[in-house]
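Two complexes, one shared chain (chain A), two partners (chain B, chain C).
Moving on to the complex of A and B:
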């Protein structure tokens, strides 16, 4: 917004610019193309958002119209709720793991398989497969893998002569198990972004570096990675927003248990808001989630924009 | 009738595709050539029960050619979350499945449920025991009619308990049960299977213990906050007894990751000697077992939940009474159909087919299996039938009860904290 006004001022007035916009047919384009998107956005994003903020002020079970106004009580209960703290902590852990483990893993693999050869195509396909799988199906499959009686982990431990471990019933290990699955599920997606970017890095730059005696690791570190910075920024953004939205892998794996220790903000919202018919309370959680998502998005944009300018 | 009437009203002022879609939606009911459509919404059920309803519908439609009855089924969890929305929409069913209790109260207070006290007083209520109608009675008005009753007890495998030298038919008190668990463990047999991951199977322990200790009337009193409400003595003690029980290591390893279905299969595969579950698990445990046979009938027992010395609720039972409620604007035909659906003959028919344990007086005569008959006897001898706490206390408090039961079993909270959390949830509901 600020850059636009600056531009307008520097080119000598809004009127002239407006005239040019009409002449170039851009206004017509805006008038034709904007309304459908704007209508959909208002109907399905803005209106529900306003509704949710309104409901969050009520103690309401979803029947009739909300009438029992409780002010900020829903928010107070939310911030006092230990499970909500756990959900926040888990979501932050997911973000960290996505950025610190998943992205480097994806980048490493992308560097290994980005060249167009038949074997690389095969590996790319294999690495990308988890991402194609439906979330719920993946969650169910992994809940069988981790099953203490019949799972893969169980038979491994059995061969080693160890007692069975019930990973998904364990307070300490259930969430790390979920994070493993999430990394496994989504690294392929980030890898694809990097591969696309790596393929567009000019070959002569790499050649030049090689001529100067750079080893493959140095080429990657000093040529390729700096050249795909924009892709890293985008994939980082997806990783953060994706972590804030994780829901459908967790429900089939643990359903938030044991003792609500594996909730994310979204599964928390669903469990305590929707399925318990505390619509007002759930709306409060949704509003908090929205504010967090917007906050993180803005912060991320600022941080990365500054970096690319510097 | 109400569907086509609404449709006619909407027609003249609607235009374009909106009307076209409305017409397309309404075609099915017009095609049926019936004046009135009664729509019933039920939680997803077995094929046998669906067939039972189909037969009843056919009979009713034959007697009332101008009425068309439609059943719709939604899976259990989805049903609970979608019902509030459905009740407020134009897609509102005329009759819906209900668990009674506080959930029904919410719907009644929001004005979605039709008062059927008059029809009930007109001889209808006489078909059922008072407690069954009581599950649908709020402040003296009746808002629903009972379909069947369920009761929770220990399914037991007598062959396994015998190996540990326990005569399962003699297990009558809580201490007997604890002794049986110790004896079974010594023999290397998993004493009890439980589906801890689902929450509600574990709530059967805390809930039944609370029912024994406080008594059904004690639970009613707790709702009004008397004697410390749900934070009061009996509810704390229920947690203590549960934790003492868990200390004996009664459950299969990793029980908090086991679902109800899995626990039921474990019992069917004879991997555990007991399973605290509703009477409905007779056929499911067989179907889920590897052999498809489950525990052989000669070894299978269904014993009442143990009594506790000097407890107020030793004569009381714990389970469900499920039935149907009629929505506010439903046509009179809906009430008429419901009365037909739940009449004595149809209740007897359900008993004959072994689909569920019906509530109507005399229908137990038709029950075939010894388990069904023992269930009917338990209900008959019970002086108060406490509806499952996760249903009787409403969705939100109910879910809290399920939570704390699991937390207690894992030792994650103390009995005092557990009772406190239920009390808090009740206050905030």
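Moving on to the complex of A and C:
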């Protein structure tokens, strides 16, 4: 009770208020609770990204301090490098497949299992399972599936009387194989986003449409899908940002081969930047990746801002 | 009525088809671990002729397998612990303490939501090396925590904002300091969101490959994805051993998923949707 009366008495006066701020521990709270997060975040997120753009101006192997300034040469070499073109093209293919194949697949399945029944829950869990597995493990399992001597595809082809194909060593098939794995791994994630959204669509809207004589397909197309537009935008955003960063799956499957045909931006910057200690050159690739990601994020922000205004 | 049953049958057929495509490769890996390489050549997909557990046993009795898992577990647990404490502390300040510049600092911390981790990997390698942290657990723990902070702060702040204000005011009147209120009230009341974020961070750390690959060279510190690639490099075409190894390493994740699926689904989809 005494503390309460004191608090009431000491009200008023700027100096008094400042004193109270200190006494109440508000300043201490800020000074104790905030700095750990700020330090970690600045040191390991913001500084490295600033460093990347700085390093990209140098020809530097990572030892000593960067001194050989080369201006935009790293960027010129990057954009002249045919493997980087391949990496950009592959990354774009991943984006297209994620948006055009994976998302409709996920949406279709979400519409089939969004209702809360025990069997639906089981299917949902199964479909989500690949998402929680490590990419490297998924990549290894699938490189067995596609193996020309042992794999599942090889034995299927043999049964059909065809010669076995070394899928992952084949220029034409290696990247489609990787895209298959990506869809396999991530469609469940997008499906879960849609399910959460579908479950929040008001039931009477669907009932009303049915009373009007709408078939299930029409209900989905004209009621449910328009109602979950926001979820579609969100999952599209994740599909693009995720595709930009694909790395883990590719290392065990092809390691960027055969003859550098399956690189993505990240495997490219790892192979040509880090493994060969071309820190300056690799940083230039990192800056390109960074700019692309920021571009997507800004576009997403504008898209969602427009949507919430409309 | 009839068309409804046909439609439902069709639906179940489609679902079973997709489910078998999802589970097929995983089962093939599990079965493959029991086979000999010769058997694997003729029968890559179906049940093994005999359930001889030799491959599995030789991996389980190899101490490096357990060291890989132990390393991953330690790194993931420390990352979760740090992310929860540091992230919740920051979110608490933004939620409860009003001070000049708080909005700006919050937007600064949330910038991380837009940044792709891979773009920072080269300078991170340099930074970690210059700090003398290469080949230590901290080389993985600290950057992982830093990159997980943005989403953690966002989710924690949203949760703290919804905690009853009366409780806070009452505690202030009783003379409870901000820091003590954080420890004895906010954190205990926030177990649902702590669990969600914790599970999310744990799974990400457990599966992380790029960062450990870049900052760990010492095999004694390898996390399990690195150990798995190492193992694959040693056994190359002995697919039965590799499949047994993969099966054993993903088994904990599958069991964990089935046990904690509620939190995992909420953390991995709900969490990122809000992000």
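Quick notes on this structure:
Note that the second predicted complex is superposed on the first by the 259 of 310 C-alpha atoms of A that agree within 3 Å, B and C clash if a C-alpha of one lies under 4 Å from a C-alpha of the other, contacts with A are read in each partner's own complex, and residues count from 1 in each chain.
In this text, contacts are C-beta pairs under 8 Å (C-beta built on N, C-alpha and C of every residue); 3 or more make two chains touch, one makes a residue touch a chain.
Predicted, not measured: the structure shown is a model, and the values here were computed from it.
More residues of chain A are in touch with C than with the other of chain B and chain C. Contacts of A:147 after superposition: both chain B and chain C are touched. In the superposition on chain A, A:64 makes contact with chain B only, not with chain C. Contacts of A:176 after superposition on the shared chain: neither chain B nor chain C is touched. In the overlay built on the shared chain, the residue A:166 is in contact with chain B alone; chain C does not reach it. By the touch criterion defined above, A:136 reaches chain C but does not reach chain B. When both complexes are overlaid on chain A, the residue A:260 reaches chain B alone and has no touch with chain C.
In the overlay built on the shared chain, the residue A:276 is in contact with chain B alone; chain C does not reach it.
By the touch criterion defined above, A:77 reaches chain B but does not reach chain C. Common to the chain B and chain C interfaces on chain A are residues 62, 147, 149, 274. If you check the complex, the residues on chain C that touch chain A are 7, 11-12, 14-15, 18-19, 21-26, 28-29, 32, 37, 40-45, 85-87, 89-90, 92-93, 97, 99, 105, 108-109, 111-127, 129, 142-143, 145-147, 149-150, 153, 172-175, 177-179, 182, 203, 206-207, 209-210, 214, 224-225, 228-229, 232, 237, 239, 242-243, 246, 249-250, 253-254, 257-258, 261, 264-265, 268-270, 272-273.
Chain contact summary for the complex, chain A toward chain C: residues 3-4, 7, 24-26, 28-30, 32-34, 36-38, 40-41, 43-49, 51-52, 55, 62, 109, 112-113, 119, 123, 125-137, 140-142, 144-145, 147, 149-152, 154-155, 184, 188-189, 192-193, 196, 216, 231, 234, 238, 241, 244-245, 247-248, 251-252, 265-266, 269-270, 273-274, 279, 282-283, 286-287, 289-290, 293-294, 297.
The touching residues of chain B, when paired with chain A in their complex, are 77, 80-81, 84-85, 87-88, 106-107, 109-112, 196-197, 199, 253-257, 395-396, 399, 403, 406-407, 410, 412, 428. Chain A contributes residues 59, 61-64, 77, 147-149, 164, 166, 168-169, 171, 254-255, 257-260, 271, 274-278 to its touches with chain B in the complex.
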